[in-house]
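So that you can tell them apart, the chains are marked A, B, C and D in the order they are listed, and the count of residues begins at 1 in each.
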């Protein structure tokens, strides 16, 4: 951490401030006196230092972190890719392309089992489906909740596909026992109490990026979970909120190389929520795979026009099959190209 | 709700689709056939209709809501301003200027009691203070939690000031029994499970706008609480996230007239979190009062340079006193001007 | 300028790099060797150093400016407020409230002369009106151009009001001889060739902030004009582009205290373009005055419903009169409060 | 165009307003009377109708366009892809991958000629280089201007590569006679006077998307050029401004499928300016090609650490060669996959 002091700070003031920092934060402080300004350099673990608290000091002109504020999620301290292995042996982050597919909302047993079989036939290795649905309006369909999870477990039993679904409150955790991957939705990315609870369990977490959260904040939210002991976290980029209204959100494709460089955790892309338009899903999925994503999570619905939520962005099973074929072909081609 | 159909839709298809909508949503549908496109107009309560579901229909070119999707928070159905009265008789939304002030974090009993007395002397009518702190980093100070609430209750006992503090999880509710106003932080504005729980209790809620949430989404989150039965909700605009980095956030001053027009609920402004700079607080507070805010929530700390959080944006008690004097003088002047 | 070097940089490399910087940029470089990283501090005039060029060096971890990159617009080098005096003696930035008012587009001689008289009667001291109109669509009305300027000059002659109008290309400058203030529109804020030309003339410039330009970029664009010799520049905040769609743009009210602190130039607020809604103009204007704006530029149209552009945000002369009365009353009250 | 009228509008008022619209805009108006609101449907060419003017009418609740406001750029009226052929026969938009490469700034004859030869050897078909540089600071290097263009022409003569370079003012046009593609920079995307001038010439235009411009505004700017008679326009997405600061801008990858669907014009991606980081260029380029881009414009510099501008985002010729090999291999693979 580099602290630039205000012009006019005396050497005595600078030295005294440095000593105070050493005492408060268990760091070593070096003082460099320039002509206009003096600079303090803090050596040691500065992750827990609150930049705002430093900024509030009257002597301080500005502060700059040199060290990233995340540790367990940081590739520097964990150079190899994290590979997440599910109970049935499915791997995420091992260089394969993990496609998660299924409906936005679970609407019934036959619906979810039918879609499960068809996305499995097309190459998906994980079934997605929403039982608890975060909806902007209290008057919209809120999901089948526990009943929906039961249907999803049935689909898992019939097809052998591991399942991923969203949690909205820690007290629902007992219902998630048979779930393979727990999803934290974009609106809960900074629900820190929920993250802490997920840090105590032993299930992989799919952590979706908040609508207006930075890449560093996403890393910090992963750090919350990992700091609790659960290191099996995947990132999911699903579009950020910008001024552009043509798409529902703006897919931040650069998040893929950024997260792969800064962290060792797998990166999944959700083209369906990013675009909000079914016809755009294939193009964005191709881009995500080419940019190095470890997986995709795609909405598929047997009857999008009658879907209870997000029908506009769902592929039909036939569309999904055609898209998946291209995605696997692309992944194969990239394997040769990147060799 | 106005639905424009795709070019090429036949009158038969349009009529059939209209009938289907009437059956599904208990509305009356009018069909207007244009030369290029046909338009359906839905009459009745369309609040619970999911626009995405309509958009997903293959016949649909686009959809437009005419009716706002919120009811209880809507001024149309509740033309008079809602006035919230606290147990000690303090009123918010009655045309007075309600100033809430206090430290970002409660750090100790003497600290909070001292600040409480001093902000009361300067004219604040509610004491703010954070016991549960949502922090980006798991390694930052997370608040004194239950202990902090005890100190705050002591400050309330000594000064008579009602207290407002943030809740981060519904399971902490029992600790909030003596709290007068429960704050929902920006990061939890769309934590719908928490909102539902707050709809079941009988305490005023200060609902902060999410960093990237629209005014309509803020209204919908209030609707979640009100739909549960708790109609004592106040909005709090605290800056939104934009591309500008000079300020911590961008205070959306237009949210004041917008919310006052669309809703009957009181509007509070938080200039401290918006700016992130203590020297800007007075200027933004003056602007907020002039634009018609019902109240302000301002960070005050006895020793900002040693504050455990957000010191950079806290006023000293002396600064707060000077600012409060100006704000009350402005409010008085506005009372004459707007007469 | 503070340059943090990559970990692993040897003292020899650091020293050599420092010498190279001294030679290239005519600065003095101090080297501070930390345990993890070395830091270089550049002393001297670093305004012309391109941060990107430094960042590109393989040894560099990151760079931070200490000195602001603008000089002539910088309050540090010009502590007193700049007061701009027009030919008729009207002053902007002297502590008074300068209201500029008039139609978005000039539509005819009688229209502009009529509005001019009525806004003058209500207290406006400058007449605004658009002759060259930047329109998103090539098929929309583009303004009366030279003819419009003639009508505006006639209105100036009849009422004595100085006039402000927008320029869209440097080659139109000869037409602007009788214009008192030349406006640079938001879309041209970084049309650097135009700014350079305006730096060579001797007329006050009203520089509007670009839709997605930072406060620092606005200061740099003023610097372009001032560097050419024309130091009579006013800033105009007119709303920035954000994700919120309820208002046309989001008025960045914090730009007022920010610009007043960083620069000595006057700050004008345009509530009409910010809101895009006539009913919001009064509330935003009051906020702007309370926050310390030196002036306002407000759209007034005798018949908004038939305006050729931006009618939705125009006040009628009657509405403007009522609003102006309140604004002057507020300004008077503030003069006492801030004494 | 669909106009929803205010509740309470009488049938007589609605009818009269409809007649007035028919007269003003040469359209046919249908009236549909609902229970709560009446709706007017405008049939005919509504491209030139100003939505704001309609919105300003006191009877109007809201307005919605059905027809896109652009014609010449619209795929609906021009279903086939536009293919742009340069003088030497190079084609853009014909299904091949057109790579434009070269330095941000032209720094000297040997520099540009050397880079030209090396990027040609790696497969680039067009040489890019900046002679007129839009720089935020008036104190930064502004480009070699006319002299730079001469060096670029020399590079064209030696290598046979067509050249693309940015124009900043219409009066420089005579200097661009030997330029093959004229680039309009992001900051000039809505410099409408410049666009009009470019509509009068007979050279392909590379139109970069403004930092905060929507896809529709980009289409409208193309329409400005095309309305003037010059229909050889290419779009260039180069990152938009968002709240994220890790990358210089956020590459809006969805702009590729969006623009290809809405328009028939070629789409080029600039990964260098989007990311601002050389190590990210390959990943973003791969994504762009997979998403269907017609070409790329990539910064290549022989010595990025000493580049006079934007060195941080430039590839070395060696890096570019490796990246180009992968891009062409990917393009080949996609040709088979998409067959």
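Methods note: a residue touches a chain if its C-beta (ideal position, glycine included) is under 8 Å from a C-beta of that chain, and two chains touch if they have at least 3 such contacts.
All of these numbers come straight from a predicted model, not from anything done at the bench.
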Query: What is the shortest path, in steps, from subunit B to subunit D when you may only step between chains that touch?
result: 1
- prompt: Is the number of contacting C-beta pairs greater for A-D or for A-C?
  reply: A-D
Field: Computed distance of Cα centres, subunit D from subunit A, in Å
entry: 31
Message: How many angstrom lie between the centres of subunit C and subunit D, each centre taken as the mean Cα position?
response: 27
- request: Determine the centre-to-centre distance between subunit A and subunit C, using the mean Cα coordinates as centres, and give it in whole Å.
  value: 39
Of all residues in subunit D, the ones touching two or more other chains: 212, 241-243, 245
- request: Would you tell me which residues of subunit A are touching subunit D in their complex?
  value: 212, 214-216, 240, 242-247, 250-254, 256-258, 261, 274-275, 279-280, 283-284, 286-292, 326, 329-330, 333-334, 336-338
Query: Which of the residues in subunit D end up touching subunit B in this complex?
result: 2, 4, 28, 30, 32, 34-37, 39, 41, 43, 61-62, 64, 66-67, 212, 241-243, 245
Field: Sites on subunit A touched by subunit B in the complex
entry: 47-48, 50, 52-53, 55-58, 69-70, 134-141, 168-171, 187-188, 190-194, 196, 210-212, 217, 220, 223-224, 227-228, 241, 276, 304-314
